[in-house]
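Data first, discussion second: the structure below is written as C-alpha cells.
Letters A, B, C, D, E and F name the chains as they come in the text, with residue numbers starting at 1 for each one.
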Amino acid sequence: MTALLLRDLTLSVRAGGGALIGVLFFLTVVAVIPFGVGPDLALLSRIGPAIVWIGALLAALLGLDRLFQAERDDGSLDLMLMQETPLVLTVLVKCLAHWIATSLPLVIASPLLGLFMNMSETAIGATMLTLLVGSPAITFIGAVGAAVAVALPRGGLLVSILVLPLTIPVLIFGVSATYAAVEGPSPFLPPFLILVALTLFFAVIGPAAAALALRNTSD
Amino acid sequence: MTHAFYVYGSYVFAALVTVAATLWTWADGRARRKELAALEASGIRRRSARAKDGE
Amino acid sequence: MSETSLSITKFSDLANPTRFLALVARILPWMAAFTALCFIVGLYLSFTTEGDYQQGETVRIMYIHVPAAWLSMMGYTIMSLSAIGTLVWRHPLADVSAKAAAPLGAAFTLIALVTGSLWGKPMWGTWWVWDARLTSVFILFLMYLGLIALNRAIDEPSKAARVSAVLILVGFVNIPIIKFSVDWWNTLHQSASVLRLDGPAIDPEFLRPLLVMAVAFTALFFTLHIMAMRNEIWRRRVAAQRRMAARLASREG
Amino acid sequence: MTQKLNLSNVFSLEATNLSARRGEDLIFEGVSFRLTSGEALVLTGKNGSGKSTLLRVVAGLLRQERGSVSFTDSHGSIHQRVGEVSHYLGHRNAMKSELTVAENLDFWRRFLGNTHDTPAFSIDDAAEAVGLDGITHLPFGYLSAGQQRRFAFAKLLVAHRPVWILDEPTAALDTSGDSLFAGLIETHRQRGGIVLAATHQPLALSDVRELRMTGFAGVSAGVWG
Amino acid sequence: MTALLLRDLTLSVRAGGGALIGVLFFLTVVAVIPFGVGPDLALLSRIGPAIVWIGALLAALLGLDRLFQAERDDGSLDLMLMQETPLVLTVLVKCLAHWIATSLPLVIASPLLGLFMNMSETAIGATMLTLLVGSPAITFIGAVGAAVAVALPRGGLLVSILVLPLTIPVLIFGVSATYAAVEGPSPFLPPFLILVALTLFFAVIGPAAAALALRNTSD
Amino acid sequence: MTQKLNLSNVFSLEATNLSARRGEDLIFEGVSFRLTSGEALVLTGKNGSGKSTLLRVVAGLLRQERGSVSFTDSHGSIHQRVGEVSHYLGHRNAMKSELTVAENLDFWRRFLGNTHDTPAFSIDDAAEAVGLDGITHLPFGYLSAGQQRRFAFAKLLVAHRPVWILDEPTAALDTSGDSLFAGLIETHRQRGGIVLAATHQPLALSDVRELRMTGFAGVSAGVWG
C-alpha cells in the first residue's frame, strides 16, 4: 500500500498533478477579493476564513474527477480490482495521496494566505487546524464521485452535480468552527468536533461507497 | 383574507404539480401499453405467453 | 443447456415482475379512491378551520407545505431502501422502484420549496435565504434532478441502477441534515413541532387538517409510485422485446 | 510435463455453465471448462466473438449472467474469487507512461505482493526474461509498442500467481518476441501454472486445448420477458 | 472546422465535460459563502462581482488542462497535426468550443447568480459584460498551458505555475471594470478597454503559442 | 496493376537519406526510398527497431535529424509536408469512445475533407467495407479491440488521401480481418495510391517492397560530439 501511495505522489509531481495548483489558485483568489471588499482590512479579515475554506474546497476538487479515470484508461484499475487487498483500502490510499498532493500544500500555505487576508493569529491557527481536519472529508466525498464517473463513459458531469452538494456540511462546520474560535460567543469545540466526526464518517463512507461503485461498474 | 395571493398561490402551485405528475404518469402508462399492444400485434410475444400457448 | 434455461434461479424467482403487475392491477383502484377521498376531506378541513392569531391565514400554507416537505424526505428514503435492495439482493424490482421514485420525489420537493418560499415572503419578508434548512432542501432537489439525469445517461438499465444506488446511499446523509438542521443551526425556519419525541406542540385545531393532508399526500405518492413502477416494467419489457425482434429479424435477413 | 509436478501442488480452475451479457446482449452461454495445473486453454474466434468478455468474467472483472468460476488450490479449498490468484494481461498495459519501467514494475511487484510462496523474478531478471534488460530506466512512454507489451508481460513475472489470464499477449510483438513469450508461458505451465489465453495468432505452445468462441449466443429478454 | 466545434461540444456534454459544471460549482460556492461571511446582504452584494469572476476563472480552468491531452491519448492529435488546415485555426476552434461549453453558461447564468448574491442591476449588467468580454482570454491563456503540457509529458506541473499567473491581470481588470461601473469614482471605460485589449491580444498570442508548442511536441 | 493508371495521375513519395533520433539515440540513418503510384513498402524489423519512428517522420509528426521527405503530385509540383496528403493509422485509433462510431467517422470525414477529388466512401459503405455494417450506432468504447481497429481503418476510406501510412494495421484483427484489410489496401494501390506499412505479421499483399529496419543506427554524439 505504501507502494501505491508513493506511486501516486510521484505521478502527481510528474504529470500535470496538483501539488501547487491549489495554492496558486488560491493566490489568484486572494489577489481578486480585495477589489470587491475594498481596502477595508477589518472586513477582509472577517471573510478571510471563509475564503480560505472555499479555496480549499475548490482546490481539492481540481483533478479529483480523474482519480480513477486515469487508472481505468491505462488498465491499472482492472488489476487493482482483482487483488485480495480490500478495494476500500486501495481507494483510501489513493484518496490519501490525492489529499497530500493537493490539499496539504494548501493547509501548509494557509498561514501565509491568512497574512494576506489580514487575519489575526487565532484566526490563522483556527483556519489551519480546521482545514487540516476537515479537508480530507472533501477528498473522500469527491472520491465517490470519481468512482461513479468511471462507470460513465459519457457523463462525468452529472457526478459532480450529485456529489458536490455533500461537501457543503463540511464547509459549513469548518467555517463556523473557525469563526467560533475567533469571535466566539458560541464555543469552538462543538462545530470542530462535528467536523472531526464528519471527516471520520466520510473516511469510512467515502471509500466504501467508492469501492462499491467501482466493483459494480467495471466492464 | 390576508395574504390571499400567497395562500392561493401555494394551493394552485401544488395542484398544478400534483396534477401534472399524475397526468404524466398516466399518459406514460398508456403509451407503454400501446407499444406492448403493437408488439403483440406484430407477432412478438412474451416467453411465458408463448409457453402458455404451448408453442 | 436446456436444464439451465428451465430452472429458474432464486434471483429471478424473487423478482417476478409479472406477479408484481398482477398485484398492482388489483390494488391500484382502491388506492386511487382512497387518495381522492383523503384529499376531499383534507381540503375541506384546510379551508374551514380557523386562522392562526399570529400567522393569520397564511397558516393554511402549512397544510401543503409540511406534508410536501415530509414526502420529499420520504421519497428519498424509499429510494435509499430500494438502493439497498439493488446492491444487496440485486432485485430488479428494487431498480425499478428507485428509478420510479426519483421524479415523484423531485415533484414534492419542488412543492415544498415553492410553498415555503410563498410562505416566507409574508412571514420573513423574503422569498429566499441561504439558511441551513432551505439550502439542504435545495440540495435535495438538485440531487433528485441529478439522479434522474444519471439514470438516463447510462443506457444499460441494470448498470444504471447499480451506479445510482451507490450515489443514492451516499446522498442519504442529506436527509438527517434536513431534518435536524433547525436544531443544529439557529435559523429562521420553524423547528419541529409535530414529529417530536415529546408529542406535537401544535394546536389540535391545526393538527387535524395537517394530518389528513399528510395522509392524502402520502397516499398520492404511493399511488403514483406503483403506477410509475408499472410503467417502468412495461418500458423494459418493450425494450427487451424490441431487441429480440431486431435480433431475430437480422438473423433471418 | 506433469511428471515434474508434486501432487500436493496440483490446483485447478473450473468454470461451469458460464454466460455473460454485454450491453443487453447475451454474448455467450453455457461455457464450461476445467483446467488443472500445467494446462492451457486458448480461446479463438472472430473479432467481437466474446473472447475478452470471457476472460474478464473469469478474472472477476465482469459479472457473469449465470454460472460460476472457481479455483481449487493445492489444499483442496475452493476460492470463488479467481481474480485474486490470477494475473490478467488485458489489451491495455496497466503501466504509467510518466514513470520509468523500473518504477512501474517495482510498483506492481510491491502492490501485487507475492501471495504464493513460489519465488518471483527480480525486476532486472524479469526485464531480461522478456529480452529487454538495460532499458528499465526509461520512462514507459518512451518505448515502442512491442517493448511496452514486453514489459507489460514482465509484470506477470515479478509476482507469482498460479493462473495467467492473457488477452492477446503477443499483439505488437515481433517473431522473436512470440517465441520468447511462448517460452515463458511454457515455463509457467511446467511449474504447475494454468494459462488461459485469447489470441488470433497461433501461440507456439505444446499440447493446448482450444475453445472456439462463436459470439452472440442468442436472444433472451431476461427477467423482463 | 464546424465539425470540430460540434464534436467538441458533443463531447463536453457527453463526457465529464464542462457545460453546466461552472454554473454548478458556482451555485455551491454561492450557497456556501453566506455560511462563511454571514447572511449580510450588503457585504454579499459587494463581493458579488469578484466571486462571479472567480467562478468564471475556475470554470474555465476545469478540464482545460486536458484540452489537448485527451486528443493525444487517443491519437487524434496526430491526425490534426498532419492536416493542411492551419494548426492555429484548429487550436482556436478547440478553445472556442471549450469556452462555449464552460464559460458561456456562466456568462448566461450570471444574472441569476447575481440575484443570489443580491447584486444591483448595474452590477449584474457590468459583470455579465465584462465576463463576456474577458473570459475568452482565460481560455486562450489556458490553451497555451494545455499545449505545453502535451509537449512536456513530465512537466505538467510547471505549466500551471507558468500559466495561471497570466490570468491574474485579466481577472483584475475584469473585476475592477465591474466595480468602476457600480461604484464609480473611477471611470468604467479604461479598465474595460484594457480587458478588451487583453482578450484580443491573447486571442492572437494564445492559439499561436499553443500551435507552436504542439508542433514541437517531443514525439 | 499499373496498366489501369492514367499517366497524368501518377505521383510519387520520396525519402532521401533520412535519419532520426529518439530521446538522444540515433534510431536509423541513411534511409532512402522512392515509391510511385500503386507501390507499397512494408517495414519489418524487431521491436524497437524504429518502424514507427520512420512512419512518424514520413508523416511529419516527428522531425528528422537529417534528410528529407517529399511528395510529387500528378502535376509535378513537390510538397514538403507529406502529412497533408497522407492518412496515418497509428497504434492508437484516434476515435473517441464517448461518441458513436457514426459520429466518429462523420467527424473525421468532415474534418479531413476530401482534398483530392477522388470520391470517398460514405460512412455506411466504409463500415460495410471493413465488415461491420449495422453497428455504427454503438459508442466506439463498446466495441471489441478488433472491431475498434476495423473502424479506425474505415476512417481511411471516408476521405481520400493518396498516401496511406499504416502502423501495424492488422494488430488485434482476426484472419478474416487480415484478408479484408489486405483487399482494401490492394484496391487503394490499384487506384494509384501509395502504401507505407509497418508490420510483424506478413500482409497478404502482392508485389511489395520490403525495408528491414535494424534499429539503433549507432552512437553519434550529434552536434555535441
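Basically, contacts are C-beta pairs under 8 Å (C-beta built on N, C-alpha and C of every residue); 3 or more make two chains touch, one makes a residue touch a chain.
All figures in this text were calculated on a predicted structure; none of them were measured in a lab.
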{"item": "Chain-chain pair with the highest tally of contacting C-beta pairs", "value": "A-E"}
{"item": "Furthest chain, CA centroid comparison against subunit B", "value": "F"}
{"item": "Chain centre separation in whole Å, for subunit E relative to subunit C (CA means)", "value": "39"}
{"item": "Gap in Å, rounded to a whole number, between the CA centres of subunit F and subunit C", "value": "57"}
{"item": "Rounded Å distance, subunit C centre to subunit D centre (Cα mean)", "value": "47"}
{"item": "Interchain centroid distance [CA atoms averaged], subunit D/subunit F, Å", "value": "32"}
{"item": "For subunit A, residues that touch 2 or more chains besides their own", "value": "14-15, 73, 152-155, 159, 161, 165, 168, 172, 219"}
{"item": "Residue list for subunit C, restricted to those that touch at least two other chains", "value": "18, 132, 135, 139, 237, 241, 244"}
{"item": "Junction residues of subunit D - those touching two or more other chains", "value": "22-23, 91, 97-98, 142, 221, 225"}
{"item": "Residues of subunit A defined as touching subunit E within the complex", "value": "13-17, 19-21, 24-25, 28-29, 31-33, 35-38, 43, 46-47, 49-51, 53-54, 57-58, 61-62, 65-66, 69, 73, 149, 152-157, 159-161, 164-165, 167-168, 171-172, 175-176"}
{"item": "In the complex with subunit A, residue positions of subunit D that touch it", "value": "22, 56, 59-62, 83-84, 86, 88, 90-99, 103, 106-108, 110-113, 115"}
{"item": "Residues of subunit A defined as touching subunit C within the complex", "value": "141, 144, 147-148, 151-152, 154-155, 158-159, 161-163, 165-166, 168-169, 172, 201, 205-206, 209, 212-213, 216-217, 219"}
{"item": "Subunit C-touching residues of subunit D, taken from the complex the two chains share", "value": "17, 23-25, 29-30, 66-67, 219-225"}
{"item": "Subunit C residues touching subunit D - in the complex, by the definition given at the top", "value": "1, 4, 9, 12, 15, 17-18, 92, 155-156, 233, 236-237, 239-241, 243-244, 247-248"}
